[in-house]
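What follows is a set of structures to go through.
The same subunit A turns up in both complexes below, where it pairs with subunit B and then with subunit C.
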Partner chain A sequence: MSDATHTSLMAQSAHTRRRNQAEKRFRAYGLAAIALGLTFLVVLLSTIFYNGVGSFQQSFVNVPVYLDPAKLDKKGNRDIADIKKVSTFAYAPLVQKGLFALIEAHGIETELKKPKDMKKLLSASSTAQVRDYVISNPGQIGETVTFRLLASSRVDGYIKGRVKRADVARDKNINVAQLDLSDAFIKAGVISKEFNLGFITGADASESRPEQAGIGVSMLGSFFMMLVVLGLSLPIGVAASIYLEEFASKNRLTDVIEVNISNLAAVPSIVFGILGLAVFIQFMHLPQSAPLVGGLVLTLMTLPTIIISTRASLKAVPPSIRDAALGIGASKMQTVFHHVLPLAMPGILTGTIIGLAQALGETAPLLLIGMVGYIATNPPDGLASGFLDPNSAMPAQIYEWAKRADPAYYERAWGGIIILLVFLLTMNLIAILLRRRFERRW
Partner chain B sequence: MYDYSTASETALDQKTIKFSARDVQVYYGDNHAIKDVNVDLEDKTVTAFIGPSGCGKSTFLRCLNRMNDTIDICRIEGDIKLDGEDIYDKAIDPVQLRAKVGMVFQKPNPFPKSIYDNVAYGPRIHGLAKSKTDLDEIVEQSLRRAALWDEVKDRLAAPGTGMSGGQQQRLCIARAVATAPEVLLMDEPCSALDPIATAQVEELIDELRKKFSLVIVTHSMQQAARVSQKTAFFHLGNLVEFGETGQIFTNPTDERTESYITGRIG
Partner chain C sequence: MSASKSTTSALAILALSATTAIARDNVQIAGSSTVLPYASIVAEAFGENFDGPTPVVESGGSSAGLKRFCEGVGENTIDIANASRKIREKEIKACAEAGVTEIIEVRIGYDGIVFASQINGPAFTEFSQSDLFNALSPQVVVDGKLIDNPYQKWSDFNADLPDVEIATFIPGTKHGTREVFEEKVLVQGCKDTGAYDLLLAVAEGDSEKAKKKAAKKACYHVRTDGKSVDIDGDYTETLARIDSNKNGIGVFGLAFYENNTDTLKVATMGDIEPTTESIASGEYPVSRPLFFYIKKAHIGVIPGLKDYAEFFVSDEVAGPDGPLAEYGLVSDPELEATQTSVANETLLTGM
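So, the complex of A and B:
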């Protein structure tokens, strides 16, 4: 080596050059991978937003309806029992007359003369809406009241650009004359597009009235399921992890348990669904489609996640803290509960929230316990009914909508995904904030 | 091998025996870590354990307050008696034992709590204080004993983890002292400290000798010479030599001790 020729540091040797080029190539691959990932994310989010944003707006028609006493209260004594006997069929002509009154008032020319022609402009829910109003305000009978009624999904779709004039030839739900009338109504300010609170708070609706469908009730279903999941999986998961991590001796048995917890975390969720069907519904006879059962199934699914993350955060507490507590005569339990657990708490909570977020977005197990395909029309009226009455859940509702034929429901499905994503992102954000806030360094 | 019988005769003349170990064997799984250790540790004395890394001195120290119980694969044979009671007897609760035999670790490990809570934790869980004033008294006294009071009396609510390394170690000593132990075990208490903090802790050890018996594991022979009255030299799991510190360092009887002290092994 001593008589090796002198090499200058200014010139790169061939070996160094190759190494540097390899590094440069690797950096380029990494950047490309990140760019690709970001592109996918942007495409995904913008597609969801583009398709779903429509469901947050809905077209409403402001219709003055004369609440005709001759039709609604034939006896004229305003007896609420009698008023309740009048069905929505009796209200339809009144609402349709209201529309004709509007046509006249704004001087609109239309070939639509028959009352039945007006029916397709409004949602099938409109007569029920007027009837509900009359039943709660019987004093208003005989007055003319202006109602804000949902436009039919075709009119709404026309306004949002989903329904094209060229398409209506083969559509028996709407015709060109009705679209002309809608245009005139828009010009006159009778029909307007407004924020759709009903989509966020409302219940699902039947196949024929997508304009009325909302995700609110299935949101409650998800909420009650999450209560079950949180109430069961957090204490069970934390207790199991503390025992395994701090108390159990390390032997063949605990190794087997540990491996199987990891296995459980990897089991497809539909397997938990069929297990729930067999055990909770067929064997224990718990009610079908109930959030309680959904919550139990999702608990089974979430437990491994919580146990794994809890054990990881318990492991991350430095052993010196345990030594310190044991060294001054704290018992094992005092050591765990006074020192280890508080330090592991942020990690445990983060894991729990992420487990809950996973459970919130889970659809497959719900298929098997009857929370899909069920039309959740009534919000639960109390705790017991919230847990036990048939309901749906947000992802199940989205799946249900995506299945339906009407393109108006397609829009609803995307809108539901936006709401679900908002929930999931919020939960993840809380998890990140918790971690940041309570992160400790030793 | 250190001859136990003659040493104990001289020891018995002067002081009471706190710990006495007979034929102690420690195994980590298949590894025989401590072999036939016989030793008597005196009260109100600083005993230093020295020896090369992996010689078993820390392992033996951890046997004295049963900290090895936390290690699954660790197995101990033989007798260790504290004031004549076998500490590995089934009737002995290790938690009670550890309240009597406190421990200070190599790396300062204050709880991530306030200075006050660090010191008050032991008295609280052992029910040593009847009232808040009692507890305040214990905390102040312990911090004074650890020569830390003047530095922290104005910021007892500050986190213990925010102090310097030397202060943290003295806080750990205060924490150990607060449970009113009879023996204080120190596992290389100064190895993570700078020379100034080391000097402070050594001074403290000398001070604490008046109230407790101390056992200190150290890598630094100078430190052993400075702070201890008795020294035990461990080598490959054997207690090679045990005696007066001065004698061990100036006139060791075993050639392995001499080799270690002069820097030829270790």
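So, the complex of A and C:
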């Protein structure tokens, strides 16, 4: 110190420079971390979008079908019971004839001569579509009706660019001649790609017809599950938090409860699935795969989240409010319900919505209670059936599709993820808006 | 607020369901994930052609399905169990103890198990059971002696095979497919390479039969040094592994392979190419029958149960031109016998 060289205050000493550099480095690390996170987010979102956007469009074929009375109504009496006896298999030749008629009408040259060759162009659902029409309009038998039928998943994949010409050589589900014919049909305007409402509203389909599969029924399953979660976890969670926060005395017992609630929030969700299987299905004999059971399991999972966020927002209400209410003679309960709870409501609702969003995207506990099952054309008919009939849920449906053999289902799985993400984003947005608008700060 | 309304309705339904049993009008099915696609194709067509609701099909594996099937009789239990293997003695006994004494067995067709690799990968086009045994077993025969498997590359034991590291992805032990793989590939290879005889000589057991059993069991073992990986998930997981490993060989069902011919190429087994024809004729050695089991006590109680079973085995559905064959099932040459036994509700014998 004594013989220190006098340095200018304007020039930085070596120590200061090191400190400043350290700060600069730290900032750079932070920026890099954010940039990395953003890159991952962009890659993730663009992958999801790129892979899934195809499922929102579907190829349709407009086929005129002659509803041959000789095949559909052999007795000629238009009796609905007799018409119902004709199975979908008998409709296949009629639809195939319709395609040949189209080939002739548009003057398309093709080496495909056998009716069976036409089968691979159309979805297996086409015969059922025609049969349903005939059953509800028996008067149309003998007429030629133009149907808008789903193209098979391979033709659809070809139009979307998923199925490549070079790859079909060993594919027994489609051949090059059929692709040529599809090209000619597209040119003639017979096959067209349209918005696929069926994907959003429709039911799941079997492995042989991915073109028909939709997420609608499992969306309803998720909806009914969320009703159960909301209906149970909100009142139970809020009641528990109010009691713990406002009424219970602080002693060892409440401490234990508090610690346990925090621990429960961290329990892996699959544990709740096993619990649900043991208690709700094996002990209480509630129906397997029902949204009611799914909702109960998810309620268990959501409760700790709701309790923790509710307690936090109750705590955030300043004690002066309580004191003022008590001071003018309100009872403890009046204080809570007239003054504290309304002020804490935005926080409680935000916590609830975030808890619901978490439950909506949960798959693991649903695996164990049988909600990963194949559910076909059975949308629930009514409130009770919605809760009790077997159904799937959106994340379970996506998982199911991702497992299936046909690559067309892969696209469907990504499409399902897009829909699920839209739901989650909407719910989170509502939570943010609620907080922004109604939350008060002191 | 609507929250209170939904609360009351949820609680009302909860109370309702806890007290009364729910009448069921749909067929419930669970079991093998191999049979699942076929069962769901049939269920879908059944829903289209009959007035009742579409049957509910769940997967979970043959053993899990049969376990649920054997839980007892009643609306809370499933009506049909799908299985990629025959029901075991033990399971029949468990069923009988729970009151499920009358079971109808239905064989729906055959499923081939194929070995496939990346389409652009090395030329894995021909295998014999011995090749796979040499690649996978922890102990192999070299110069007439059983030693720890020294092979690192396929070409180490068969010059015709590519000169690349061994990497195989086989189904895990909870799959029915694994059993077929052990029986039809490993044991056969074990016998062909002479390892079985050597194992038999050192096998421990009280009787000749016990010794043979022990030797056969020893043939099931798979090396644990990472050259062979058990896949506990579905074929899609195996496909993902193959996609990321050019030298990998995976085990798939024929139907799965046929749906993914753009990324996979299949290998022959003992010079036989796996096709529906070669599997139906029994030439291709690695195949297995697929079954479903019906609870007879539920016929007449659960509407549509018998209709579903008859529809499943009808010529239009399970025949060689039906949708099941189209998806990859090898249809049963003796389908007619199955149809009669379903129509007559012939019970599983030996109960």
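Keep in mind that, in the parts below, the second predicted complex is superposed on the first by the 428 of 442 C-alpha atoms of A that agree within 3 Å, B and C clash if a C-alpha of one lies under 4 Å from a C-alpha of the other, contacts with A are read in each partner's own complex, and residues count from 1 in each chain.
What we mean here is this: a residue touches a chain if its C-beta (ideal position, glycine included) is under 8 Å from a C-beta of that chain, and two chains touch if they have at least 3 such contacts.
Since the model is a prediction, treat every value here as computed from it, not as a measurement.
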When subunit B and subunit C are modelled together on subunit A, clash or fit: fit
Quick one: is A:T88 in contact with subunit B, with subunit C, with both, or with neither? Answer first, second, both or neither. second
Under the stated touch criterion, which partner chain does A:L388 make contact with: subunit B (first), subunit C (second), both, or neither? second
Of subunit B and subunit C, the partner touching more residues of subunit A is C
Once the shared chain is lined up, is A:A324 touching subunit B (first), subunit C (second), both, or neither of them? first
Tell me which partner A:S208 touches in the superposition: subunit B (first), subunit C (second), both or neither. second
In the overlay, answer first, second, both or neither for which of subunit B and subunit C A:S289 touches. second
In the superposed arrangement, does A:Q334 touch subunit B (first), subunit C (second), both or neither? first
Once both structures are overlaid, what angle do subunit B and subunit C make about subunit A, taking C-alpha centres and a multiple of 10 degrees? 130
Output check: A:L343 vs subunit B and subunit C. Expected answer is one of first, second, both, neither. What do you get? first
Closest Cα approach between subunit B and subunit C after superposing, in Å? 22
Which bits of subunit A are touching subunit B when the two form their complex? 249-250, 318, 320-331, 334, 338-339, 343, 440, 442
Contacting residues of subunit C [partner subunit A, same complex]: 3, 6-11, 13-14, 16-18, 22, 26, 28, 30, 36-37, 39-41, 43-45, 47-49, 51, 53-54, 56-59, 76, 233-236, 255-256, 258-262, 316, 323, 326-327
Write out the stretch or stretches of subunit B touching subunit A in their complex. 65, 67, 70, 72, 95-100, 102-105, 107, 109-112, 121-122, 125-126, 161, 172, 175-176, 178-179
Sort out for me which residues of subunit A touch subunit C in the complex. 84, 87-89, 124, 128, 131-132, 163-164, 167-168, 170-173, 205-209, 227-228, 230-232, 234-235, 284-289, 292, 295, 370, 372-378, 383-384, 387-388, 390, 402-407
